Amino acid sequence: MPSWERIKEDFPIFRNLGSGYVYLDSAATSQKPMSVIKAISDFYLYNNSNVHRGIYRLSEEATEMYGRSRENVSNFIGSHDPGQIVFVRNATEALNLLSYTLGWELVSGDEILITIMEHHSNIVPWQFLQDKGIKLVYADIRPDGTLDMDDLQSKVSPRTKILSVTHVSNVLGTVNPVREIGKIAHDNGSTFIVDGAQSVPHMPVNVETIDCDFMAFSGHKMLGPTGIGVLYGKRELLEKMHPFMGGGEMISEVYRDHSTWADVPEKFEAGTPDIAGAIGLSAAVDYLRSIGMDNVMKHGRDLMKLTFEMEAEENIPGLLSYGPRNTDIRGPVYSFSIGEIPPFGVNQALVDDGIGVGTAIHPHDVASSLDASGIAVRSGHHCAMPLTHRLNTVATTRASYYVYNTEEDVRRLFRSLKRAAEVYSK
Amino acid sequence: MTDVEEKTEILMDHYRSPHNYGKMESPTAELLEYNPVCGDAVQMFVKLKGNMVEDVKFIGRGCSISQGSASMVTDMARGKSVEEIMGITPQHLLNLIGLPLGPSREKCALLPLNTLQKCLARLGRENVKI
Amino acid sequence: MPSWERIKEDFPIFRNLGSGYVYLDSAATSQKPMSVIKAISDFYLYNNSNVHRGIYRLSEEATEMYGRSRENVSNFIGSHDPGQIVFVRNATEALNLLSYTLGWELVSGDEILITIMEHHSNIVPWQFLQDKGIKLVYADIRPDGTLDMDDLQSKVSPRTKILSVTHVSNVLGTVNPVREIGKIAHDNGSTFIVDGAQSVPHMPVNVETIDCDFMAFSGHKMLGPTGIGVLYGKRELLEKMHPFMGGGEMISEVYRDHSTWADVPEKFEAGTPDIAGAIGLSAAVDYLRSIGMDNVMKHGRDLMKLTFEMEAEENIPGLLSYGPRNTDIRGPVYSFSIGEIPPFGVNQALVDDGIGVGTAIHPHDVASSLDASGIAVRSGHHCAMPLTHRLNTVATTRASYYVYNTEEDVRRLFRSLKRAAEVYSK
Amino acid sequence: MTDVEEKTEILMDHYRSPHNYGKMESPTAELLEYNPVCGDAVQMFVKLKGNMVEDVKFIGRGCSISQGSASMVTDMARGKSVEEIMGITPQHLLNLIGLPLGPSREKCALLPLNTLQKCLARLGRENVKI
């Protein structure tokens, strides 16, 4: 097992922010190890030029580095063919690419099945298709925060053309049984999409074992730079699809009235790509591999176990946390409320029984209070409003862990939470 | 005690024991505004006498900033003319609160002032005799 | 006037590649000054976190830096409102965003008028709309490589819904009279789009003086990082448009069956943006401003003047260069052929009158030969196949200049060209 | 002279004075392939005797790499069996050329071999007696 204290030293931001700084918002974006920051700088210092078609040495080097980054990412997620890796900006773009390109083939009455625990990025792109008469169907969760597989199964129908689910929920931490869901999808002839934004950074992921048709994830959540993300897609599907954006690099030939496309994956990469971003992501993959994804996963689970222990020990009044307690099916994400804060809607009336809702402390206050102690957590709907409402609340506070977090971070979270609960209680 | 600590104390006092809290019988105007994203909600009640705010009350739910600010805004509004209230700038309220609020929390702080001003503006538009 | 030798020292890649390295491919992508490389690293070293909604200090700082970058870019192009600046990956994405969102409103029979000198990124996205029965119309060029304004005017009709032109051609160097074209467009009630990919880096550009409705450009061509580009759009137009991609950040509220959008420009920025990229672009803007865009433009013109002088002086057999000779309407781009190499197509037969076409030297050979002398130029169709064919060739060689190029670079280009012409002549 | 310079000289000799250049009367098979992106074009003519390449010629246009390679490929093909030619790997040809070609120019170098192999493969498919 690696030394996690040692690993934290690879992330220079902690030296710069002061060693006491506790960053618990990695589900939003991760910090970057020096090797990633250096890979980006080095590209600009030594190799910068545009990729494709340049026939001078510098451009050929850049093209090769870009291609090697693609291979590296491909290997990392168990794809046997780098042609299946499309570089995009982020998971969101990957899912929009699918909504546009797969959407072209859908007709009124077709259904897209997702789950109530999806991130907005796996909801809104599909809502765009509603104008065409396509129906968006939501599979529900069970009270323990796991996906209700019976409900999902019952909502699969011959009209279900696409089944798109998150691998790990960014609010509940639930790890969904994607192999099983994929089987349901494929038995039904549906295209199976996995949102891997919260899984690829935190656990070993193999797209061929999962047998998903597509997977989306973001570099910036896995120690890589902002601006780069990945769409994995099975080659034969990518080859059949219409391109998403048109322009340079993605064409083979352009005539006045028609064009022909480059081979995959270039067909989906219009314009100058984020070359430095891809190289930075590849450095992040190297770094994660050097720790070992099994170790990364185990560390996350260990911190979650400690979290549950601290939760029991500190016994903060009104604290309610979400998601499965079994750390075997749990990503390193801990969302909670202190007191209940149900949603407030247009037809509701306010009551004059005192400020706030009972003894609740608003997540914004929790986050501000923790921030004052040098602990960064996120509060709000975490880009999952339908789920937040399903949990009968309007916002939660979320602490999320990664390789640079330590047991001491978890303990400090709970000590500060306890103090906040005292300050804000009335 | 630093200035920020002092200002925090003041706001927290308003949050814990809000001034002018409660519904009002037959107000001249009332308005409920809320932010669906964080659930903060404020309902303002105003009683005018001529052009002057004779009484103002609020009820609400939400974070310490939105509710503490609502309490401070109602204190500030009482006895002022409609024009004076319409002239209160967001920056004035933020200065009064005096805390280094980030952009997200400024929205919370300004909800009560926005609600009160909207409520009064609507009165004008609806041509209610004021 | 700044010292251009001094300026070259701000670009560390030249130290690393050896001071003799002559980079003449800035029209494809520019090199980066140290201040830009450092701005990116510094973000990851000191400020990295996600933007929007985070209520801890680090996230608020990042949000502020991201917002200031937007303001800085807005000022740089003379937009009075940062809400008119949408961050995208590159010019290509900006144009695709327009083709999708404006395309929704178009119907069969509508026409889009572009020019024959467009980059593929301002052609292919519009070709996508042909399936809907929308017609793509091309304005021609005159023999001197300038836009044929009479032809353009004659192709404007009540059906012309969009007029989209490049500000500066990336092959001919032609600076198009965009104010005049904008007036033609607006008099006709057409939406006016300018592809500023080759103008914003090289000359003072003011979107309000030009009065374009939209402008697209890329950060990586203006000393900024890869992965970041800009769509400028008039606020009232952006506000009316349907969003392009859906997901996090671009929404106000999401419910199961519908969503509401954030205000512009966030409405068009789905998912985690390239935060470091935007900050790097802002540093590039600062750097360009410190030189002064008038000076940048003058330097480009001076190098073009020298280019024409050297061309006359060296008198290379068969050398044919394209584009206007008047440097007042010329960007720092020099495309040429040595001998004629007409396109070869599916219905043509080869003749057995010897290899090559007459005494022509293929642009690939020119580029390889220059590369061997440490001079990086590009050869091919430069992502402008319709123009290349219009010039009755299949490929050209292109040298393009920027702030780090010197008069000595131009001289070395011609000395090496002369040698190449001798080696390859038969 | 370095190895690269020597290899460059060899290729340039092939380019300037190509071997086996010209059309062929009544070939067993012929094929024209081209790359629309750079305009390189190669037409191969093969005369078979049984299973052996008795004669091979080409005409073409394009860069020194594509045309020099065509000359070298025809030299190499003469006297070989169809199977032997189908077994020539791209790497083998690249090694023969012996220059550090980048990915873009490898395409130029491989066009002639691809054309010849495609031409012979088509013969097989069309069930021409060979």
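By letter and in written order, the chains are A, B, C and D; residue numbering begins at 1 in each of them.
Criterion: a residue touches a chain if its C-beta (ideal position, glycine included) is under 8 Å from a C-beta of that chain, and two chains touch if they have at least 3 such contacts.
Treat the numbers as computed from the prediction; the structure is a model and nothing was measured.
Spacing of chain A relative to chain B, judged by their CA centroids, is 39 angstrom.
Averaging C-alpha coordinates per chain places the centre of chain B 50 Å away from that of chain C.
Centre-to-centre spacing of chain A and chain D amounts to 50 Å, using the average Cα coordinate of each chain.
Residue positions of chain D with contacts to 2 or more other chains are 36-37, 104-105. Among the residues of chain C, those touching two or more other chains are numbered 53-55, 57, 59, 253, 364, 368, 380.
Taken pairwise by the contact criterion, the protein chains fit none of the simple patterns, being neither a path, a ring, a star nor fully connected. Every pair of chains meeting the touch criterion is listed here: A-B, A-C, A-D, B-C, C-D.
Residue ranges of chain B in contact with chain A, taken from their complex: 12, 15-16, 18, 21-23, 32, 34, 36-41, 43, 59-65, 67, 104-105, 108.
On the chain A side of its complex with chain B, the touching residues are 341-345, 349-352, 354-357, 362-365, 368, 380-381, 394-395, 423-424, 426.
Listed in rising order, the residues of chain C touching chain A in the complex are 12-13, 16-17, 23, 25, 28-29, 31-32, 36-37, 40-41, 44-46, 48-50, 53-59, 89-93, 95-96, 99-100, 119-121, 123-125, 127-128, 130, 136, 138, 218, 220, 225-229, 244-251, 253-259, 270-277, 364, 367-368, 370-371, 375-380, 383, 385-386, 389. Of all the residues in chain A, the ones that touch chain D in their complex are 53-55, 57, 59-60, 63-64, 252-253.
Listed in rising order, the residues of chain B touching chain C in the complex are 36-37, 102-105.
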